[in-house]
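Take a look at the structures below.
In the two complexes that follow, chain A is the common piece, with chain B as its partner first and chain C second.
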Partner chain A sequence: MNFLNAITLIGNYLFIPGLTYGCQLALGALGVTLIYAILRYSNFAHGETMAFGTMVTIFATWGLQKLGVSLGPLPTALIAMPVGILMTVVLCLVSDRVVYRYHRKQRSDPVIFLIASIGVMFLYNGLIRFVIGPDDQIFTDGERFIITAREFKTLTGLKEGLAFKTTQGITIVVTAVIVAALFWFLNKTRTGKSMRAYSDNEDLALLSGINPDRVVMVAWILTAALATIAGTLYGLDKSFKPFTYLQILLPIFAAAIVGGIGSPVGAIAGGFVIAFSEVAVTFAYRKFVSYLAPESWQPDGLLQLLSTDYKFAVSFSILVIVLLVRPTGIFRGRSI
Partner chain B sequence: MSHTLRKILMFGLVAIGFIAVGQLQSWPLSLTILNLCLISAIMSLGVNIQWGYAGLLNVGVMGFAALGGLAGVLVSTQPVPAAWAAGGSGLGLAFLVALVTIGAICWCYFKLGPVVRTLPIIIIGLVGFFAYRYFFDPAVSAIEAVDPATSGNLGGLGMPIILSWLVGGLFAAAAAWAVGKVSLGLRSDYLAIATLGISEIIIAMLKNEDWLTRGVKNMSGLPRPVPYEVDIQKSEYFIKLAEDWGVSIIDLSSILVKLAYAGLFAAVLLILLWLCERALKSPWGRMMRAIRDNETAAEAMGKNVTGRHLQVFILGSAVIGIAGAMLTTLDGQFTPASYQPLRFTFLIWVMVIVGGSGNNWGAILGGFVIWFFWVEAEPVGLWLMDVITSGMADTSPLREHLLKSAAHMRPITMGVVLLLVLRFTPRGLLPETKR
Partner chain C sequence: MSFLTGNNMTGGYGAADILHDCTIGVEKGEIAVVVGPNGAGKSTAMKALFGMLDLRQGEVLIGGENITSLTPQDRVTRGMGFVPQTSNVFTTMSVEENLEMGAFIRQDDIRGTMNQVYDLFPILKEKRRQPAGELSGGQRQQVAVGRALMTQPEVLMLDEPTAGVSPIVMDELFDRIIEIARTGIAVLMVEQNAKQALQIADKGYVLVQGANRYTDTGAALLANPDVRKAFLGG
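Moving on to the complex of A and B:
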């Protein structure tokens, strides 16, 4: 019984949050990695792109709520998301046309692209704060829980509850669908294949008649969609605050690099590695140990490796270890 | 237009800007902006050393500046003997354990083979971590329990705060050494992301380690290197001077204090500028340019590229640390929550790019111009919004929203400026001179 309680505890506080957070990071890292694979620079504006997509989705959600449209137990944001994706695609394509295309034609150094993306980041940042303000926005509606802790307790008779929030369930399902669709697109369709060819060897791809403008455009569309979905899921699960989207940039980059930057599979793996280690290292194991250990061994501390304020340190340490041991990342992305 | 003429013209325009603010708004405000401009100029000089000389991408300026600020606190505040008595020895033991652990891990890493070393490193790391926490946790709670309302930390050394400028540079240099060792020699983006990470960690540490700097409870009332306004206002000499000049003693005292700060900061800036110019003209500067422009060729000529990069990264970070300590000195307080990446990292980058990377004068000009715009963008943005919305009714929610959001014009303006400069004058306002 104690053993089951301990497992439930871990599931409730470690596995489910880790899985959800991992999905959100994986979607974010996929966007970063796609831009890296096609345009060959680290896009610092990605966090703000996520925030922008979420912001538009929030406005669309509010609009739908005013009209009385709802999805019943599911959050309205799910049907508002296409609007957010559309606007973010427009924003990304306009930014590419106005900013990045010039540098691409000039064949600028990747670092120049990176600095340009910092400029774009400033711009988006101001735009978002200008429109929606810097404060918290909550836009979750519908049923809050798929299963509450109390329901679980009465169902199983265990002392520990297992709460499963609707937003967590949605995050996991949506991520699975999106990732499957993305891989189908990259591996099966003509456009997807041409993108992979372009990422592998630009010159060879150009020689075979692949249109680079089209590849870049599709890359931006995919990135914008991924960013909006990742941002909205993150916003639904936690809450929308523009500043957090700047902060989430570090774990996202860490996930992309840990998995191997430029490799989509790596981005997903990296996202889960970062998320689970963040949650596992900042988890207080006291109760877990108290279930498993005999009476006399009860710990008196919290048994927490690091306080949650240091969660950045976790993604950073993993990043450093990977850079030291295997600079190309787990899945051998583009090397140095 | 020759470079010298361009330089004089640009700095002349900046001077006119300060005079305009002084006349139109107020002189103390103009001097406040000037002081922060001087500090920003030093920070951007530091970034220019890294980016302009060597092409290194440091996105952790905020962290190095905050370390400088930490030095300001640790050097200048009075020690708290009770806290030292309560937890000093425990803390010392904890750090000793940490040092031994790191030493042992390094020994394993360098002395054992690539596969054999993994297990011992993990074991040593875990054991060391728990031993460290065993000493660290009780010591910290003991320290933080000492008079938590006013101190709750160990305090500093009680030395003149000017000394912290040097110490801040050393702190930042030490952090830069650690980051550089790990991420230099890899692709340039990796350094960017590693520095981004270390800066976030430094800020998280400063916010949460209450025993060090009281965390988010802030440290205020740091001692000053210049006289206090109140003392000037009491002095017979200055009261008479104010009467003779026909200004109020309050204005005069505030202007004098700010001028004193400006003098100190300008002295530091000029010394650093002189050193930087000398460095760029020397064979060392020539080598740095060679490495920046063609790493492979420089390496083929026998230059140690990674070694030089590490050196220049440490130097630049030290300059940023100095500026960070100066900022804390000027503020008279240390507030970890005020360190925002947009303001302390990315804004400095805009300064360097706009001013002219690779040119020390350009970096300084960028520091002045961008900080000036950053401060003035808000009143100008507000005024602009007021004009645009003047046709609307006073109670219109759109007008209200636009006026309230005018402050967010700042990042938009900075983004636009950066993108325009990158596109149309990628070499900046004062381009690097061909030597």
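Moving on to the complex of A and C:
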């Protein structure tokens, strides 16, 4: 029984939050990695792109709520998301037309692209704060839990409860669907294959008659969609605060690089590696040990390796180690 | 006037010219080989024919039509296929995907052409699901040639197809190239292995410092004592 309690405890505080956070990071890292694979630079504006998509989704959600539209137990934001995606696609394509296309024509260095993207980041940043403000926005509605801790306890008779939030369930399901669709697109369709070819060998892709403008446009559309979905899922699960989207850029980059930047599989693996490390290192193991160890061994401290304030340090430690030991990342992306 | 001709080509990458009044041509169903010492401008001449180099003077004609101002991509649609010397396959993609990408500009059914490529290079059919980056050097060259054949070109241009492969693989590749020429395609290639290449050449061009030095049939060049002494190692 103690063993089951211990497992439940880990599931509740470590596995489910880690899995959810991992999905959100993976979706974010996929967007970063796509831009890196096609346009060959690190897009620092990605966090703000996520925030922008989420912001539009929030406005659409409010609009739908005013009209009395709802999805019952599911959050209304799910049907508002296409509006967010559409607006974000427009934003990305306009930014590409105004900023990045010039540098493509100039064949600028990746570092110039990167700095331009920081400028774009600040622009989005201001735009978002101007429109929706810097405050917290909670836009979740519908059923809060798939199963609450109390329901779980009465169901199983265990001392520990396992809560599973609707937003967590949605995050996992939506991520699985999106990732499957993305991989199908990249591996099975003509356009998807042409994107992989362009990423693999640009000159040969041009010789084969692949149109670079089209590849770049599709890359932006996919990135905008991924960013909006990732941002909305994150906002549903936590809450929407523009500043957190600036912060989340850091673990997202860590995830993309750890997995191997430019590799979609790597982005997903990296997302989970970073998420689980952050959660596992900042988790207090005292209760977990108390279930398993005899009473006389009860620890006095919290058995927490690092305070949660340091969670960003975890992703960066992993990032530094990976860059030192295996600069191309787990799945052999490009070296930076 | 050959099917594909570069007439009196003069030009280079920057201010200095690499090619000086250089003329190269190839007839349908024939193999033309460009040889010469290092730095003679062999690859540059080929790039000039394919539009990867701005010409100051001269013209490129295909079937009598002037294509001097076309981009490389447009020349592909005019029936030219080009196999670069390096980075000539998509390493992370499977052999079959490489061939599919070769046929990207085609809207019709490509399976027939793909089967022709597999007939020409049976090993590729066996390895069609493997990433091209995992193949041996000789097999990669086969993928590269196969990729270029997927557009059903009238002219196939090869930049040192046997660079870095063993002599046995080289003979094998040359046999395949002869087969390709027999189907009516004009084959133009630049080669380091001058002797072996001239043996299969209908026409040979010896370039020195970006200019034509000797132009004759492959056999005649091999028999020419001056050419033998200066370029073929006796």
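In this section, the second predicted complex is superposed on the first by the 335 of 336 C-alpha atoms of A that agree within 3 Å, B and C clash if a C-alpha of one lies under 4 Å from a C-alpha of the other, contacts with A are read in each partner's own complex, and residues count from 1 in each chain.
In this text, a residue touches a chain if its C-beta (ideal position, glycine included) is under 8 Å from a C-beta of that chain, and two chains touch if they have at least 3 such contacts.
Everything quoted here is computed from the prediction, not taken from an experiment.
Of the two partner chains, chain C is the only one that A:Ser208 touches; chain B does not reach it. Between chain B and chain C, more residues of chain A are touched by B. Touch criterion not met for A:Ile146: it reaches neither chain B nor chain C.
Of the two partner chains placed by superposition, only chain C is touched by A:Ala197; chain B is not. Once the two complexes are laid over each other on the shared chain, residue contacts for A:Leu93 go to neither chain B nor chain C. Once the two complexes are laid over each other on the shared chain, residue contacts for A:Leu324 go to chain B alone; chain C is not touched.
Residue ranges on chain A touching chain B, taken from their complex, read 41-42, 44, 99, 102-103, 110-112, 114-116, 118-127, 129-131, 133-134, 246-247, 249-250, 253-254, 257, 301, 305, 307, 309-310, 312-313, 315-316, 319-320, 323-324, 327, 336.
Contacts from chain A toward chain C in the complex involve residues 190, 193-194, 196-197, 200-201, 203-210. Within the complex formed with chain A, the chain C residues making contact are 72-73, 76-77, 82, 84, 87-93, 97, 100-102, 104-105, 147, 151.
Note for the complex: chain B touches chain A at residues 55, 57, 59, 129, 137, 182-183, 186-190, 192-194, 196-198, 200-201, 204-205, 207-208, 341-342, 346, 349-350, 353, 404-405, 408-416, 418-419, 422-423, 426.
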